[in-house]
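As written, the chains take the letters A, B, C and D, and residue 1 is the first residue of each chain.
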Amino acid sequence: MNKLNIKRPFFMFNPKSYLYGKELLELAIEADKQAEKYPEMSIFVTAPFADIEMISKSTHNIIVTSQHMDGIIPGRGMGHILPESLYNAGARATFLNHAEQPLKLNEIISSIQRANDLGIITVLCADSIVEAKALAMLKPDIILCEPTELIGTGKTSNASYVEKTNSAIREVDKNILIMQAAGISTPEDVYNIIKMKADGTGCTSGITNAVNPKEMLVNMIEAAYEAFNND
Amino acid sequence: MNKLNIKRPFFMFNPKSYLYGKELLELAIEADKQAEKYPEMSIFVTAPFADIEMISKSTHNIIVTSQHMDGIIPGRGMGHILPESLYNAGARATFLNHAEQPLKLNEIISSIQRANDLGIITVLCADSIVEAKALAMLKPDIILCEPTELIGTGKTSNASYVEKTNSAIREVDKNILIMQAAGISTPEDVYNIIKMKADGTGCTSGITNAVNPKEMLVNMIEAAYEAFNND
Amino acid sequence: MNKLNIKRPFFMFNPKSYLYGKELLELAIEADKQAEKYPEMSIFVTAPFADIEMISKSTHNIIVTSQHMDGIIPGRGMGHILPESLYNAGARATFLNHAEQPLKLNEIISSIQRANDLGIITVLCADSIVEAKALAMLKPDIILCEPTELIGTGKTSNASYVEKTNSAIREVDKNILIMQAAGISTPEDVYNIIKMKADGTGCTSGITNAVNPKEMLVNMIEAAYEAFNND
Amino acid sequence: MNKLNIKRPFFMFNPKSYLYGKELLELAIEADKQAEKYPEMSIFVTAPFADIEMISKSTHNIIVTSQHMDGIIPGRGMGHILPESLYNAGARATFLNHAEQPLKLNEIISSIQRANDLGIITVLCADSIVEAKALAMLKPDIILCEPTELIGTGKTSNASYVEKTNSAIREVDKNILIMQAAGISTPEDVYNIIKMKADGTGCTSGITNAVNPKEMLVNMIEAAYEAFNND
C-alpha cells in the first residue's frame, strides 16, 4: 500500500507515555495547525495506542504515529499490537526498536514487512553507528540515530557524530531519511541539527516539560523550517 | 479507585487480534444489547488497544477490556501500554499473563498495582493449578484457568479439573472470581461450565469463526444466564 | 531425587559474574575449608555456568550453585541452561528469578519442577513481600528476600522488613527457609541479620570488593555461625 | 585478541541440549580424532555451558563452541553468560541469535563486540535473506543461513536458496564465511551442500538420532572433505 509522502524537514513530537487524553489532544491540535501552516514539512505526533483514534479523528495534517507495532497478522496474538488495528485507528507511521523497547532482529523484520503491507511509515531507532548500518539493510523509511547514553540528558549529538551516521547510512541506502534527535531541548538545538543536514528531528521532554509546551512546540517547528529553508 | 462491580455469571467475549474496526464494533454493540437485556450478568468485551476508545464510545453496558497493560506510570515508557491511556479511552478491565503473552512475576505485580490505583478489573490467566495458586496470592479480581494445551482445541476442561482449580484458588482467597474458558466452542459448553460452578466463562474463535458470530454470541450469553439461574 | 540437606544457618557466597576461573576457584576452596570447619552450617558458592565443573571437582563440602536454570528437558533448547548439564557438572542448587534476571511466572514453575526432578535445591528471589508470598506457593527450598532498591547499596533490610517477610512467608509455608541478604557488606551485618531470625544470608560485592576477600569470606561465615549458636 | 583460523570446509557438530556429560564427551572425542585426521578442515563442536570445560580438557583439535554468549563484562550480570568464563573454560567460538534463542539487535552487537575482544569466533544465525544481509553489516566470522521453517524437518535448502544467500551476504562483506545447514541429515546432504559452495555445514539430530551417531559424524565429516577437495 502507498505510504504518505515524507517532506523535509520533518519534525516528530514524541510525547511517549508522558501525555494522554485531553492534554495530548491539545498539543496534537496545535501541531496540526503548524502542519497546515508549513505544508512543505511533515509533522509527526506519536500517541499511546489507545489515544491514536482520538488524535486521528481531531487532526488532518499531522502524521499520527504509533510508539510500536508487532509483526503479527489478524488472529490470536493476545496482548500484542495489531497493525490493522493501528491503521484503522488512523496511524500512518510507527516507531520500532526504540531504546526503551529494543526488539529482536526477527521482530524488526516482521514488523517492517507488515508496515509495508499496510502503508505505514517505519521509524527505526539505532543507538550506535553499527546498529544504524544493520538497520539500513532493512530499508526502513526513517532511521533515528540516538546514542542511548544521550537520551533525556539535554546533550545533543555533535556535528561529527551526525556527519558520521549520515554518511554511514547513506552509504548503505541513500533513500533512507535520517532523523537526529538526541538531547534536543530548545529551538536552537532544532535549528542546529537541521543545519547539520539531518532530514528531520524531534523532541519529547523538551516540549512536555516546558513552561509553555505549546509555545515550545511551535517554536521548534518554526526553527526546523527556518534552518532548512534559509541560508 | 472503585472498580465496576462484577456480577455472576459473567461472560467474556475475547476476540483477541482476530477482529478490529467495524467488524469488532458490530459484535461489541450486540454484546452491549445483551448486557442491557441481562442486567444481572457482567459482559466483558476485549479489544485491541487502538480499538478501545471506539468500542467504549459506542457501548454503555459492557465492560470494555484491554488485552494487556504494563505496570508503568506516565513518563518515558515508549512502546509500552500506559494504564492511564487505557482508562481514559474507556477500559475498565484488563487481561494479564495470557498464555500468548506470559509475563514476568514482577511485571504481573506492578500491573495489578496500577490497575488497583485506577479502578481497573484484573483478569489473570493461569495455565496450571500451581500457577493459579501463586496468582491468587496477588489478589486479582478474576483468575482464568486455562490449561495451555487446550487453547483453541475445542476441548473443554473436565469437571474434575474445574473442581480442582476452583477449590485450589478458593482455599487461598475466596473473594477471587473464577473463569473457566478452555475450549469453549458451543452454547452447551458454556452451559456446562457454568453448571460446574465457574463464576464466568468466555470464548474467542467459537464466536469469531462461527457461521453467524452474532447469533453464537447471543446464544452463549443466554446459555450462561440459563445455567446460572435455572435448575 | 533427593536434595542435599540444608543446615542452618546457611551462608551463600554469590560472586555473580564478578569472578571466574582461578580467582573464583581460590575463594571457593577457602569456602570449602570453612564448610569443613563448620559442618553444622551449609555453605553455598555460586559460579558462572562454565565454571561449575571446575569448582565442583576441587571442592567437597560446599554446595555448588548455579546462577539460573531453564525449565527445559534434553532436546533442542539451543542457548538455554540445561538442568541435566548443570547437575552432571556438580551443581546441587540454583538461583531463580534474581533481580538481574527476572523470570516469567510459568518459567519459574517449570524450572522448579525440573530442579525437583533432579534433586537441585531452589533459591527463589523476591523483591517485595507480595512477590515472596506468591513464590512461597511454589514450594521452593529457599526464598531470598531482597528489596531491589537495596541491592549493591550497602544498606541492609531493617528488622521490621525482615520480620514482616519472615512471617509472610511462614504463614504460607513454614518449611521454606528464608534468606535475607540485602546490602550485607560486613561480618556485623551478617551477625545482625542472623540474629533477626533469617535462616541464612549471603554476600557478593562485600566480599569480591574487599581488600582481602578471603578474610572477609571467612569472617562472614564465622559471624553467621556465632550469631546462630551463641547467645 | 586473535581468533583461531577457520579452515574450509568446516563442519559443525551442534548437539544443542540433546547431549551432555559422558555421551557428549565420547562424540566430541571422535570429532577430535577426525579433526586430527583432516587438518585442512575446521571441526566445531558445541556444548551446553556447563560441559564446555570438560570437553575442552579432553580434546585438542576441535573448536569448542558455546551455544550463546551475553555481551556483558565481569560484574553483576547474575544468570547471564559471561564471555570471560566461556573463554577460560576453553570456548573459542559461539553461536548467537539461533532460531531457538533470537536476540535483540543491540544484544547481538554487544555480544559480537565482546567476542572480538576475547578472540571468540562468532557464528550468527539468520532465518531469511534480509536478516542475513543485516547481520552481515556486523562483520561476524560466520553466518548460518537456516530458514526457520526447515529446522528439524530433514529438508535441506535447495541450490537456488543457497546461491541467493551466498551472493546476498558476499555482496555486503565477502570475508564472512557462509554455513548452510538447514535439514542436513545424511552424508549425501553434507556432500551436496558443500558442492553448492557453502563454506561449511553442520548437523544436530541427524547425528544424535542416528542408529550409530559416531559413524554418522565420521561419515559426514568425510563427505564434507570429499565434496570440497575432489572434483
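Quick note on the criterion: contacts are C-beta pairs under 8 Å (C-beta built on N, C-alpha and C of every residue); 3 or more make two chains touch, one makes a residue touch a chain.
Here's who's who by UniProt: A, B, C, D = Triose-phosphate isomerase.
Remember, it's a predicted structure, so these values are computed and weren't measured experimentally.
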Steps in the shortest chain-to-chain touch route ending at subunit D (Triose-phosphate isomerase) and beginning at subunit B (Triose-phosphate isomerase): 2
Whole-Å separation of chain centres (CA-atom averages), subunit A (Triose-phosphate isomerase) against subunit B (Triose-phosphate isomerase): 35
Subunit B (Triose-phosphate isomerase)-subunit C (Triose-phosphate isomerase) separation of Cα centroids, rounded to whole Å: 39
Separation of mean Cα positions, subunit C (Triose-phosphate isomerase) and subunit A (Triose-phosphate isomerase) [Å, integer]: 45
Residue numbers of subunit B (Triose-phosphate isomerase) (touch at least two other chains): none
Which pairs of chains touch, using the document's own definition: A-B, A-D, B-C, C-D
In the complex with subunit A (Triose-phosphate isomerase), residue positions of subunit B (Triose-phosphate isomerase) that touch it: 14, 16-21, 48-54, 66-68, 72, 74-82, 84-86, 88-89, 91, 95, 98-101, 152, 204
Contact set on subunit B (Triose-phosphate isomerase) toward subunit C (Triose-phosphate isomerase) in their complex: 97, 102-109, 127-128, 130-131, 133-138, 172
